[in-house]
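Paired with chain B in one complex and with chain C in the other, chain A is shared by the two complexes that follow.
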Partner chain A sequence: MTLIAHELRLLLRSRMAALALLLVALLSCAAVVAGMAEIDRQRDVIARIQPKQAQDIASIAQWVDKEKDAGSAAYYSFHATWDTPAPLAFAALGLRDVAPYILRVRALGLEAQLYDGEAFNPELALPGRFDFAFVLVYLTPLFVIALFHDLVSGEREAARLRMLDALAGSGRHLWARRVGLRGGLLFLALALPLSIGAILSHVPVGQLLAVLGLVALYLAFWIGVTLLIGRMRWSSVANAATLAGLWLVLTLVLPTIAHVAINRVIPVGQGVEISLAQREAVNRAWDIPREDTMRAFYANHPEWKDSPPLTAAFHYKWYLAFHQVGDESVAKKVADYRNAIESRDAAAHAIGWLLPSVGVQSLLTRLADTDMQAQLAYQDRIRAFHKRLRNFYYGYLFTDKPFGKADFDKAPKFEG
Partner chain B sequence: MSAVSLIARDELRLMRRNRVAVIAFALLVLLTLAAALISWSHQRSIAETRARFQAQASEAFEAQPDRHPHRMVHYGNFIFRPLGPLAAFDPGVDAFTGNSMFLEGHRQNSANFGDVRQSSLLVRFGQLTPAFVLQVIAPLLLIFLGYGAVARERERGTLRQMLAQGVSARALILGKLLALALVAALVGQPAMIAFLLIAGQPGALAGPMLVIALGYAAYLALWAIITILVSALVRRGRDALLALLALWAVLVILVPRVAPDVASQAHALPTRLETDIAIAHDLHKLGDSHNPNDPFFTAFKERTLRQYGVTRIEDLPVNYKGLLAVEGEKLTSRLFDDYANRSFAVQRAQSGLNDGFGVVSPAIALRRLSMAAAGTDLEGHRRFLTQAEAYRYDMVQRLNRLQADAVSYANDTASDAGADQRKRISAGHWHEIPPFRFKSADAADLVKASVPGLGLLLGWLILAGLALLPVARHLQKARS
Partner chain C sequence: MSLTATGQRILLSDVNLSYGNHPVLRGLSLHVDAGEIYALLGGNGAGKSTTMSALLGFARPDSGTVLVAGHDPAAAPDKAREQIAYVPENVALYEHLTARENAAYLLALAGRQPTGDAIDGAFEATGLQNAAWDKRLGGFSKGMRQKVAIAIALLREVPVLLLDEPSSGLDPRATADFNRLVHDVARKGAAVLMVTHDLLSAADIADRIGFLESGRIVDEASAQGEERFDVRELHRKFAREVVAA
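Here is the complex of A and B:
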């Protein structure tokens, strides 16, 4: 114990080591605070829209109530959906700054609504956000390099190495103690702010432990690399330069090359093709016999096929039917598009096994539920909600049931 | 002066002998060339795809059958943001913004299908472009090659010897700087080859290209000076390397990430949902088209009737429903413009605050200059959005006027079995609506937009250059 205390005193007497540890702790704190502020803001926005949304529906209810036409209610009512951030989201903001976490949909064709974006400043999204994942993935290795590159070579250059090696019984224990101490302090500097943030955000203990394990592993990787380079018996300067070069290649150069490669190998048939095809299908309905549309609709929705036939007058059930038929006509394209995005995502995860920087980032965003999978899951929830919405309005339209003020409250509610 | 060139020549010879330095330099050159080629072919394929989609969408629009004009208002049109040639050098925010937009009546849709939402998480690690290589990686190479330039002489004691032999510290620093600046110029060369590729394309503008070349030259020169400065100030080579690496990590990696967070917390942007609700609310306040007794629409009706000297809507020589559509679109569009301007004012404030960090980080200043000159910044995207809205408005109003002039009010309000056919007008009308043509910014605008970034960079350069003087004086004292 006294030996450790002694080593600690030695370590902290080096101005650079103390400064580096302090900086890591500060950066980690700042990243946790910034991440939590951003997630708080997103939660606030989600809370803020609820009364506005209710007000919007109330004003529509007021005039729809006069004619009690379920079609007008379906056409004019937009329903809010939102993607509540997971407790751990503050640690890795992932895609939450560029993909919408709030989307309004109505019972018309979903494929024309699902891909709408949120208003955001792309110049701010371009460099990426400052969150714990960034501090861990990009900055921590640099501090590892700063603290470990001269572990042995520094003693050699100070001409103490032979003496240290000659000390009876110390040998290996000494280096293990030093590595353990530096690594442990670095881990604490990262883990303490994160754990405090996680406890404040009610992150489940298991998840926090998983993240801490990830932090430890990533640290261990970089410490291992640094020690390996240290074994080459080069000078401290050569160690530092080589390690910085390795860091550059592993966190900046190879991921960007992998990105280009993935997007080349797995082409995503442009999403806009879905929009173009769906729009053709929907608008064509005005130029073909309406019975054709209804037949196509009833084929997939037989529960409504006993609805009274259309007359010459406009009826919203036909309108909603052709929107749905339009959506169904592009189902294959939608599935292809999604599969391609998922394969790109899977390829990136696979690369994570080779590139620790990518691996840690992808695992963190997975745990934080802010990655592509989380985005797709949100889209699935929107799809399910849209289905409930449609069925709700169909219940009125296909039975010609009047839709009064009270019926607005019966509409399905999205569960974040 | 010969002392300066002698020292520079000596330094360069030393670098040439350093195998690691030569390999690192060769790798960077290869990386830049690869980035240039990849980026160029990527930009070409994007430009082609978008042009193809644009042609397909325009064709589909013109191929629509006889229809009621209002159906065409809802059929709408798709437009695509073309990608300028300089995007091959610096694609800026292109991957982060949607690049296609659906234009229809009464609604203003978002630009959709940006790359960032259909790529893997790797897109957030940065994109391999010549701009990225020069902004982020090239300074590191200069640091590796230059950190020991002066510190090494000091460590080995050769500094004292040289000073004693009458070489002035100023000549020493200038010589070392000259050598590193030459390397910097060589590092920038491959990117200039990329420029030559781009210059061959139609639409490449000489002015902005010159500004970009100037900006990157200033940026690399700045890093050469910073490297020599630190090398001259710090006692040991290792400390110089660590200090420079720390400086690089803060200026190039950390600050550009922190700045956007500060900007987005300082200026909150309303969500689309809130904007949509606010527009609907404002519209409702202006006039309620669902209410037959609404004062605004009653006044409009009376004004129209008076204008044509009739007493009943049915007697108007034009279709009243078409006029109403024109008026309605006018109201909504005004609100769209109003809210879009507000949103952009917030975004501009955010970007302004973000750019302000260019005082702290030259990388931010360079990025601003680079994107602005390439026309791939927020303003470039806004240019597209503004033209899209103008086109949308023009298209919708042309169709609304067609409804007023070419469809009779009696037919438009009829609901008998044959009414649907009588409401339709000839498909020839769709050809009269001109296709969307994006007007890219002209050279003068791009150059003007890049001036603030260039100014900041030159300020940095001058400041760093001036800092060399006291450092040289300090070094001279090392003699005693």
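Here is the complex of A and C:
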């Protein structure tokens, strides 16, 4: 029987150690299953939205076909956009549970549509949904503490330390073996469920290895902290109490303070303010001469200036133009808002270099494509799609080209 | 080094050792030969535990020579510890392992891989009841634990056995069993050094008794041939020295 086998038996005979390892494995399994279920649910919703979208358009097309009015088509038809989850998203749901992953947009003013559902600054520093990232970042350190706090002090308190030290060949090798074994088993308890989930979710091997490396590094950090405290030669109880305090400070208190500090230093207005400002601009258009609106519109979109002039009758090109002018009137607010969010995101990432809990969560959500960057990228895709959508309808509206049922098929399609 | 080799196994020569500014051993000299049982007798603070620490390489002397089977424990602790089986005062083994598992594990830590039969043989030699071999140590008495520890020491087949207050807390029957075991180990050629403050136990088992006082041997007595010590005389001597100290 090898020494490792002896150590394994010794470890697993300890009820507390066996229970701790079992709990980590169960929590890890539960987190992976819960994450996969949530992502499956989101995929299912995304899959269901497309046939519904087709039904919706079909019913509008029926009605629009009578009048052949592109304006009605643009006004009444919603177009679905969606943010397909990355394969690794199950491990770190990140902002996917607070920010919309489906948005149906019309060719009208985009900003009010975008910020109807608010996307707050990344809550990187706060505990989120129950997923693998939560188990790793917040719960695993507690199990590291449970398994390592009395590694040496426990032997001292049981009066075995002197005897162990007196055995030739013990010393550093013994502790290295015990640390390695406990650390290895903890890693396995976390890595096995994650790897199974990753394989089932078709996560690329490189990405899985990166996450496993991150898990190993985070474990190494907490094991290092625990061993460092163990070197103080305090009692096991004192070690445990100190480490629990450190856990509280490093995973909850400091990240929360950092979060508050970032929010103070980098103020960000609410997205809904943009939405309201855009709506105000849009509503104002009803009260000013229509020519003023068209002049402002053509100044920025000269490609449509040859369109026939407006008559006394209502024309959708004016309606859509003042929506676009409304969007453009809040462009600076939008840019400021975006810059502030990106600055906060960058600050949160920078804090991750100092606070491992924030850093690991931030890296996990980056790898899983569920962080603020992913959210902003989705917003960019919506903007690009919306631009195509507008141009598509403008092609009919500004040339007074009739819009029939078949034209709906020519409308741009969002590519997830 | 085999157990049958003769010569000095333990040597302390003019050893001085201090903890900070507090001198504990002051010119301590003693030696224990192969097959000999030496009892180091002394009151609290005489330096018994520090002597053990110096032999195990846990404390480094300020001056003097310490050798365990030819190895300096301060310079080469692992080499010295390879030659030592150490039985502490309170034998604390792993309570959630059985006696057999404890023996196998601790011997593996010391680099030994005894067969199951060898472990059984050692338990038998120590008089540990068969029924206890596969029981977890949680319910073992101190005497039973000591038997397990001695069995481990036997299996290590090392030339030096260090016993720290071995008979404290043992009932007379267990003490007699224990003494028999230690004699067996010595007969096989090991040098046995026990530190104790129990004069009767020392007189029962030792070939020589050193009286330790303020970190040095102030007197030494030897058993004469088949005769054991004159306990009354030893007590008179020991009491006088303790009073003087």
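Definition applied: the second predicted complex is superposed on the first by the 402 of 416 C-alpha atoms of A that agree within 3 Å, B and C clash if a C-alpha of one lies under 4 Å from a C-alpha of the other, contacts with A are read in each partner's own complex, and residues count from 1 in each chain.
By definition in this document, contacts are C-beta pairs under 8 Å (C-beta built on N, C-alpha and C of every residue); 3 or more make two chains touch, one makes a residue touch a chain.
Worth saying up front: this structure is predicted, and the values here are computed from it rather than measured.
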item: Broader residue contact with chain A after superposition on the shared chain, chain B or chain C; value: B
item: First, second, both or neither for A:Arg9, with chain B first and chain C second; value: second
item: Which superposed partner A:Ala158 touches (first chain B, second chain C, both, neither); value: second
item: First, second, both or neither for A:Ala216, with chain B first and chain C second; value: neither
item: Partner chain in contact with A:Ala166 - chain B first, chain C second, else both or neither; value: second
item: First, second, both or neither for A:Leu252, with chain B first and chain C second; value: first
item: Chain B versus chain C as contact partner of A:Tyr115, first or second or both or neither; value: first
item: Partner chain in contact with A:Leu174 - chain B first, chain C second, else both or neither; value: second
item: Partner chain(s) touched by A:Arg129 [first = chain B, second = chain C, both, neither]; value: first
item: Contacts on chain A seen with chain B and repeated with chain C across the two complexes; value: none
item: Parts of chain A lying in touch with chain B, wherever the complex brings them together; value: 16, 27, 30, 34, 37-38, 41, 45, 48-49, 52-53, 55-56, 59, 63, 78, 80, 94-95, 98-100, 102-104, 112, 115-130, 134, 138-139, 142, 145-146, 150, 235-238, 240-241, 244-245, 248, 251-253, 255-260, 262-263, 268, 270-272, 275-276, 279-280, 283, 286-287, 312-314, 337, 340-341, 344-345, 347-348, 351, 357-358, 361-362, 365, 371-372, 375
item: Residue ranges of chain C in contact with chain A within the complex; value: 56, 58, 78-79, 81-82, 84, 86, 88, 90-94, 96-97, 101, 104-106, 108-111, 113
item: Chain A-touching residues of chain B, taken from the complex the two chains share; value: 20, 24, 31, 38, 42, 49, 53, 56-57, 60, 64-65, 67, 71, 74-76, 78, 80, 92-93, 96-98, 100, 102, 109-128, 132, 136-137, 140, 144, 148, 237-238, 241-242, 245-246, 249, 253-254, 256-261, 263-265, 268-277, 280-281, 284, 288, 290-291, 343, 347, 350-351, 354, 371, 377-378, 381, 415-417, 419
item: Residues of chain A that touch chain C when the two form their complex; value: 1-3, 6, 9-10, 13-15, 158-160, 162-171, 174
